[in-house]
Each structure stands twice: as structure tokens, then as C-alpha cells.
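In what comes next, chain A is part of two complexes: it sits with chain B in the first one and with chain C in the second one.
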Partner chain A sequence: MDKQVLKLYKSILRAGNRFRDYNFREYVIRRAKQDFRELQNNPDLKNKVIDKYTKELEVIQRQTIVQNLYYQTNHIIEQKQCNN
Partner chain B sequence: MRKIIYRFSRATYLDFQATTPTDYRVLDAMLPYLTNQYGNPHSKTHSFGWETEKAVEKARSQIANLINTQPQSIIFTSGATESNNAALKGLYGFYGKQKNHIITSQTEHKCVLDTCRYLEDKGVEVTYLPVDSNGLICLKQLQESIKSNTLCVSVMLVNNEIGVIQNLKEVSRICHERGVYVHSDMAQAIAKIPVDVQDLDIDLGSISAHKLYGPKGIGALYVRRKPRVRLQQIIHGGGQERGLRSGTLAPHLCVGFGKAAEIALTELPYDMQHVDKLYNKLITGIKEKIPQIQINGSLEHRYKGNLNVSFAFVEGESLIMAIKQVAVSSGSACTSASLEPSYVLRALGVQEDMAHTSLRIGIGRFTTEKEIDFLLDQLSSAVKKLREMSPLWEMHQDGIDINKIEWTQPH
Partner chain C sequence: MFLRALRLINPMGLQYRTFRFCSTTQNKELLEEVTAKVLQVMKSAAKCKVEKLSEKATFEELGFDSLDAVEMVVALEENFGFDIQNEEAERIKGVGEAIAVFYKYVVQRNSTSVKQ
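Moving on, here comes the complex of A and B:
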């Protein structure tokens, strides 16, 4: 994978991990992994993926701030993981 | 004085048919119209109005793309309930003098059934088609019920309680041969299965934004333009929305709805794949871990994200309370405040005791595999615990057939 794509992928994962909400965080990470893995197998999707994720990155950066402002409490699965 | 904060964890959300969380991308699209861009889209004289009008029209075309039609066919309403009301009452208002027979099914949403009841008081004859034990209407019965004065047929595409997908294409073919309008409540189908209104050939369709990860409080009505469907408006006023629905549009809700529709269009194959995977996991898990269950509704013609299961020898309310950490819906609660079991399950022919223990599990875009594992754990332990306390279960284990017992003494 070339440097630009790799850099974008890492920044998406880093931004997505800032979601405190369990469901949104898992969704962003899962979809990013899925899309970039598909790109590895199919290199002509490169422009589409780069376009989509450069816009997505800004949305995720804004939304992590807004969603976390109103975050209430953790998901039951996260608590179970803590206790174990 | 120190404030004591009680830390509690939020339950797993598995009730995607009741509503869906607002996608973070949808909220991002809505926020500008709740902050800086507050103009009225119907103001024609300044840029505040022009910019919000542009956004609303963009949203309209995004929704039209999702169901494969033109933007002029979409009317914004306050939700699928209003769309259903507008469709049926609107058709009756325009054509009611010559045509006053409506056909619908027994498993429709409450708003359709209640509107039909209201129209019955006004002198309309309504036929409620029964469903077979799989939840599907019989096409031959539909054909026989159509009379010369039939106005329209209203059949929902995906049922909200049991997830069954009706054969709407055949229904449309039968109805259009005889000059009858077809209306469908597509609220549970949009963004879950591919919906193409040209292919389905329907005349009117109701859409609800909060079922496709959009905001609550907005919906749309698809009104076919070729051939033209004429409706009488139920909300009178300044003639907005082609005269069919007056009132100021809420730009933030329309834009949110449009963004949700755009996301749904691009993400549909991924969402369906994800839901399929989780559904297979769920259903193999339930069949393995919990004996004596019954799945309500056809397994073949089904939207995989909606599973309605009945557990024998378990009491419904106590099961819901035992799995408090999972948010699911029971088969009876969402339709009536009384303890009567759901009319949909009754129409399917499900026995009273099984109808009381039914659970509706909804899977969606944001559900994870760990949540399904958690649900299976909770369910299997709760059902096992409740069955151990049940004398009926003991009798079943001893080989006694419950149905053959004489509960009362003969006089």
C-alpha cells in the first residue's frame, strides 16, 4: 500500500478510536478495515477510497467532539471487559 | 455535600425496528441548519431562504435516488404515520364518491388499520385479508376480493413485528390489471432491503426517517407521477409540497433524512452482508442453546434483521425482566397497553401461550458480534432459570402432553 493511503488509514483508525460510544467506534473501525482491505485486493478503487475517507476523516474528527460531549455511560459489554 | 454518582451501564440495543440511533454522519449534516443556517426554505427573497431551499431540494433528490424515482415524486411529511394517513384519506377524498372499497391485510401497522376503521365510519367498505401461518397474504384471495368499486390495496413491504417480506410486485401486477391503486408502508423496508419503486410498480409509499438512522420527526410519501396519482391533502395551508402537504419544512430534519438516505444507498450491500452474518450467528446459537422455540413468520421471505421468537413454557413478562441488560421488544407491548398479545401474532395463528412469550430481536448497522454473543448468553441462562421454576416444563420433561390435560373438573 502506498504512503498516502497508509497515512490516511492510520489517521482514520486513530480518529475513530476517539469515539467514547462503543457502537460508533466499533462501526468506524470495522468499516475502515473492510474498505482498506478491499483496496489491497483491488487497487483500482484507490481514488474512490481516498476521496471517501478524506471527507470522512473531517466528519469523524468533528463528530468525536460533539458525540463525546453528550456521552452518558459505558456499554454493558465494555463493563464486562473491565471486570474480566 | 458530595454528590454521589451511581455508575450504571447501558443495555445492548437490539430493538432496531422500534427506532435506530441517529448516525453520526447524519448529525454532522444536520448541525449547520440548527446553528447558522436558520432560514425558512420557503422565503424567496433572501439568501437565508435560498440556501436552506437548496439543501432541502438536495435532500429530496437523495431520497428519490434511494428508491429510484424523481425528486418531484417525494413529499416530506412528519413521519410514516402521517404518510399512511395522507395516502389513504387523500385517495378517499379524491376518488371516494365512485370508489369506496379498500383492501388491506390483518398484519398492517396500527396507523393503517386505525385509518381504515375511521374510513369505515365514513361509509367505506374495508376488507382485511387474512395471512397464512407464515405471515404472507394469499394472492388468490386478494384477486377474488377486488371488486369494481375497489379504490386501493394497502400492503406493507416488510412487517415491523415479524420481519416477513410480502410479494409486493405480484400484488401490484394483480391490482394494476384491474385499475386499483397500490399503497405500501415501506418504513421497515427502506435501507434494509433494496427497494425500487419502478420495479415494484407501486403508486404510493410511506417512508420514515428514523428507521434508516435518520432523525425522528420526519418522513416522506412517494406519490407516483406517471401515471398521475391524485390525492386530496389532509393538511391545508399555503400549498407547499405541491399542495399536498402545507407547512414550513424543517431544513435540519430534511437534510438529516437526505443524508441518511445517501448513506443507506452506498452502504446497503455492506449493511446487508453484516446483518446476514449476525443473523446466521444468532439463529444457529438460539437453535443450539435453547430447545423448544418457535420462530414466528416465514423463514424464507424474511428480512434477516428482524427475528421474532417464542420460547415455550416461559412467561413473557418475566423473560423480558430477566434479560434487563439487553434492550429488545416483546411481541405484545408495542401494540397495546393492555396485556393482550399482539394482533399480528394472533393473525398468524400463534397459540396464546406462545404469543405471550414472544421476543422481537432487531439487528442493525451498528450491532457487533460481541453483542450477539452477549444476547445468546443472557437469553439461554434466563430461559433455563425460568424453565427450572416452571411446573409445566417439569410435566413436559416427564413426557406429559400439556394440550391433553383436563384442567377443570367436569360438572
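Moving on, here comes the complex of A and C:
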């Protein structure tokens, strides 16, 4: 796969991991994985995915700051993972 | 038996090799810790061919494609608690390279924290 695409994918995953809220974090990472896997199977979508996720990256970076201001407690799934 | 033969040929050879890579016991323990963590993260990947997992395995041998390799590097960054530079991350093509890069960063971090 193209280096530009891999770099963008890494930036999206890194930015997504910064969400403290479980739901936002898992959603962003899951959608990114789905879309980039689809790109692997269908290379015609390359420009569309790059454009979409270049804009999405800025949104995610902004939203991590805003969402983390309102973060309260961790999700029950994370609590169970910690206990295990 | 082979090691005994090697010592006869070059008595200092083996000792020099271990000294070059692990100059102190602490560094050796740190390297083992980093290796264990890297292997644990690799094992946790669903796609990983665990039977082929070793320190010399490449991502290709473990059944990872380029996207999986990126996911592995990000998972390792999360596990270790720091980000690595993109140029270094691009050079990681296997378990050995991942161990080397993350060990280097851990040693750098430890040395800067000691200085402070």
C-alpha cells in the first residue's frame, strides 16, 4: 500500500487512541479500519478515502480535546478489563 | 559441544559478543522486558500466526500485511506509552526491528529521567 495512505492511517489511529471515552475511541478506530481495509480491496477509492480522512483527522484531533474535557468515568467494559 | 569448540577457537569471542550487546545487567533485564512486551502485543493480534512468532520473525511470516504492521506499531506505542518517529516506524518490518527501536527509546527515556 501507498506510503501516504499508511501515514494517514497511522495518524488516524494515533488520534483515535487519544479519546479517553471508550465509545468514541472504539468507533473512530473501527471505522478507520473498515474504510482502509475496503481501500485495500478496492484501490479506486484511494483519492476519496484520502480526502475524507484528511478532513476527518482534523475533526478527530479537535474532538479529542473537547471530549476529554467532559470525560467522567471509564466505561463498564474498561472496568471489567482492568479487573481481569 | 559446539560452544565448547567455539571457546577453544576464540576464547574471548563469546564473552565479547555478550559484552557488546549487554554491557550491564540492568540493560539486559530491560531488553528482556522490552522483548517480552513486544511479543505479548504481537500475540494478542488475532491475525498473528503464533507458531511462527519469534524474535527473528518478519511481519510477512506472521501473516501481517502493511495495514496490520501499522496497527501493530500503534499498539506497541500505546503499550509502551510513547510515540516513535515516523521514519523509525517505517523501518519496522519485523519483531527484531520493533524490539531494537523500542529498546532504544526506552533506554533514552530512562537516561533522560535519571539526568533529571
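One rule holds in what follows: the second predicted complex is superposed on the first by the 84 of 84 C-alpha atoms of A that agree within 3 Å, B and C clash if a C-alpha of one lies under 4 Å from a C-alpha of the other, contacts with A are read in each partner's own complex, and residues count from 1 in each chain.
Here is the rule we use: a contact is a pair of C-beta atoms (placed from the backbone, for glycine too) under 8 Å apart; a residue touches a chain by one contact, two chains touch by 3 or more.
Worth saying up front: this structure is predicted, and the values here are computed from it rather than measured.
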Practice prompt. Considering only touches as defined above, state whether A:K3 meets chain B (first), chain C (second), both or neither.
Written response: second
Worksheet item: After superposition on the shared chain, which partner residues are touched by A:Q79: those of chain B (first), chain C (second), both, or neither?
Response: first
Discussion item. So in the superposed three-chain picture, is A:Q40 touching just chain B, just chain C, both, or none of them (first/second/both/neither)?
Written reply: second
Discussion item. Output check: A:N23 vs chain B and chain C. Expected answer is one of first, second, both, neither. What do you get?
Written reply: first
Item to complete: Name the contact category of A:R31: first (chain B only), second (chain C only), both, or neither.
Response: first
Worksheet item: Do chain B and chain C touch any of the same residues on chain A, and if so, which?
Response: none
Worksheet, complete the sentence: Counting only contacts in the complex, chain C reaches chain A at residues 65-67, 70-71, 73-74, 77-78, 83, 86, 89-90
Discussion item. So in the complex, the part of chain B that touches chain A is made up of which residues?
Written reply: 7-13, 21, 24-25, 27-28, 31, 270, 325, 365-368, 370-371, 374
Worksheet, complete the sentence: Interface with chain C, chain A side, in the complex: residues 1, 3, 6-7, 9-10, 13-14, 17, 33, 36-37, 40
Discussion item. Residue numbers of chain A touching chain B in their complex, please.
Written reply: 19, 22-24, 26-27, 30-31, 34, 56, 59-60, 62-63, 66-67, 72-80
